[in-house]
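When the chains are written out, they are named A, B and C in that same order, and each has its own residue count from 1.
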């Protein structure tokens, strides 16, 4: 009886507040738009049964998504931004993780804490901090103008560049931590063995360190890529009107246009796009866990 | 290996500069006299005074703390149960679905979680307010708690629980007297994580809050959309300060505990 | 030596404390315990001995209540214990990992079980003090488990499991985590405590020396079955199978064909062109039946000349010598390639050792030195 309750309570909670809401999103994505509150006409009365549901199945909203190229562009541009930002984060994060793993033993806990500290700090504040730096009158332009590198202020805020900077900055700890833990486990004598066998420093790094830190790199990339794809705060604060990201589109569809069926359809497609990287990520984690056993 | 090469020194210096300079600038300019945030006009704490006089911010802060305390507490109870079921539950109907539901919210875009919960609340006709935000936050942060606690439970020596049963504990007593005290550090970090996630959350709160309840992130977001403001700088500085003190003291405490344990173990080994 | 005074298993009227009746335990496809029947008597120090995976730990966990038999009945003092949950059994267990609660002091660990019984505070204090005295840890009562040594932890675990004065104490590899020297001291301490408290002990071990030292009876297990249950001396001197003979101590096994030659005496033809061996056995063998002669190396004498009156003597060449300090084992290769081990005490200094590599020697043993086994 106790065991039943122990299982049933969290199970029921997640079913009601996680699974059922998804069913609703799915259902509404197949509904017609109507200007009312709630602004949709239910397409499906549960009592009618599955057959009726299939008969009346309405992919109108999905068809609409394919017809209006705003959505296509938003999906593609989200993917593009997420992939490039993940790559940039890796390029910035790897040397830091490498430096940490090579740092003297007694420094490492402190360095580790310095990486984790921003992670506990409000996401919104960290994004906001860049607004003051990147604006036309911002600190970056002030410094550049003062040193004479540029004569005209650069427009960075409200462009995709600012979005990239924001993503790299906020997701950097997610990249550093798994890469660091992979590099930390790396046996130093492996590098020495490679050098002993005739590798140059650079070659040993390329042939030994990189392959052995691959699980960390993969984990870090997924940890950055997956949340970036649906990101809302960064494009809406740092990006401009030209920055198309699907999280932002969904938000606007919902709050500004109040078109709930289309917003739900956008969510369903975003989810479908995410399923692939999530499954790949799970596989990678499982393989790693098995390798460790 | 004891000295850093110049390459590593440079990459660490630049990396940490990148991580910390934006926050340092934010903090410095929160003490700026001028209303124009990008122009330094002398030291002043007047924005802090103004912040404390701003009732809208204060009430939003109060709502946020209330939501965070409630949701992280519920999330810790539910998440610990979930972790226990995952690690010790054995086989039961729908176990795969259950573990899927535990892990899925971790990778779910916040906009989707927020949207789906809002549609649920409207569907069953709950009025949106503090209660709905608490429900929403509990749901996604209980999964984080589950992950943290289950990673501790996996390494937990099961014979400790068996020993408790063997010495006359009922299963519930064994959990209360043996398992819980030992996994307490993981449960506490789960709570802290849930608390921070709740404090931080903008997207899900925006979807699930009603006009009666505005949280601090929602307030900050609507303010910063209009641009940088010295009041927000002051508020950010306070929040950064609290987190920094919290994280540093937590790591000092755990480091001390580790050092003490090591010393005791060495002493015990010598005594043998 | 104990068996002469204390041998309830030889008394047909004695009531066993524990009775396994046709117990089978399966984990899915795997059969851990296979139709096993066994009696254990009060005040016994009973050892379950076998390689890992033989089912000995499963037996113990069934007694403690962490597993229940798939088939058959386990009785404790005449009562079927299947419906009794572990926390209601008058059985306590000392875990292999000790399972000391890391957040409680030594004192609180020992008091843990007593408090669960709602024992009055004074009585708890008295009992814990008594237990601390028994295991000589009075000075360490306030320490946490990580602040004491491995040997001390082992004694805390013992005290904790004895504190409730169980009818039966189960010990799962109790000395496995200790180093060899400490293990030997602790073995005697265990026997001492068992005698003092009069508790029935069931110990699980894979260390045959440990089982032989501490136990009044030993059960040798393999693949979920009991191979032999007997006193240590009988297990060693008269094993009932090649498996037991081989598992306990060192042994030479010679396979051959038996031919009866007078009362309880058999001739064993074991190799072409080699003189047959003679052995006495109470086990019956038909003429021509395959048999195995098991002889302990210390019962094989090694000499330079052929001994006059030996019942069995073979000639060979010293192939290898294992010097163990107090003993030396000679590996002697016979002309047909068989290697026979012979053990001698090193009463002389090594420089004056009689035999060395490649020496031709004679090995001899009496007709009663070995045991003749069918399988």
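Everything below uses one rule, namely that a residue touches a chain if its C-beta (ideal position, glycine included) is under 8 Å from a C-beta of that chain, and two chains touch if they have at least 3 such contacts.
If you're wondering where the values come from, they're calculated on a predicted model, not measured in any experiment.
Colleague: Of every pair of chains, which is linked by the largest number of C-beta contacts?
Modeller: Top-ranked chain pair by contact count is A-B.
Colleague: Using C-alpha centroids, which chain lies at the maximum separation from chain A?
Modeller: C
Colleague: By CA centroids, point me to the most central chain in this structure.
Modeller: It is chain B that sits nearest the middle.
Colleague: If you average the CA atoms of chain A and of chain B, how far apart do the two points sit, in angstrom?
Modeller: Distance between chain centres: 18 Å.
Colleague: Go ahead and note the Å separation of the Cα centroids belonging to chain A and chain C.
Modeller: Centre separation, chain A to chain C: 61 Å.
Colleague: What whole-number Å value describes the gap between the mean CA coordinates of chain B and chain C?
Modeller: One centre to the other, that is 55 Å.
Colleague: For chain B, which residues count as touching chain C in their complex?
Modeller: By the definition above, chain B touches chain C via 157, 159-160, 162-170, 173, 177-178, 181-182, 261, 264-265, 267-269, 271-272.
Colleague: Touching chain A in the complex: which residues of chain B?
Modeller: Counting only chain B, the residues touching chain A are 1-5, 7-9, 11-12, 15-16, 18-20, 22-23, 25-26, 29, 37-39, 78-79, 81-82, 84-85, 89, 92, 94, 98, 101-105, 107, 109-113, 115-117, 119-120, 122-123, 135-136, 138-139, 142, 146, 171-172, 196, 199-200, 202-203, 207, 217, 220-221, 224-225, 227-228, 232-233, 236, 239-240, 243-244, 246-248, 251, 255.
Colleague: So in the complex, the part of chain C that touches chain B is made up of which residues?
Modeller: Going by the criterion above, the answer is residues 64-66, 85-88, 91-93, 95-97, 99, 101-103, 112-113, 116-117, 144, 146-152, 160-161, 164.
Colleague: Inside the complex, what are the residues of chain A that reach chain B?
Modeller: Touch list, chain A to chain B: 2-3, 6-7, 9-11, 13-22, 24-25, 28, 38, 92-93, 95-96, 98-100, 102-104, 109, 111, 113-118, 120-126, 128-133, 135, 137-139, 142, 169, 172, 188, 226-227, 229-233, 236-237, 247, 250-251, 254, 260, 263-264, 267, 270-271, 274, 278, 281-282.
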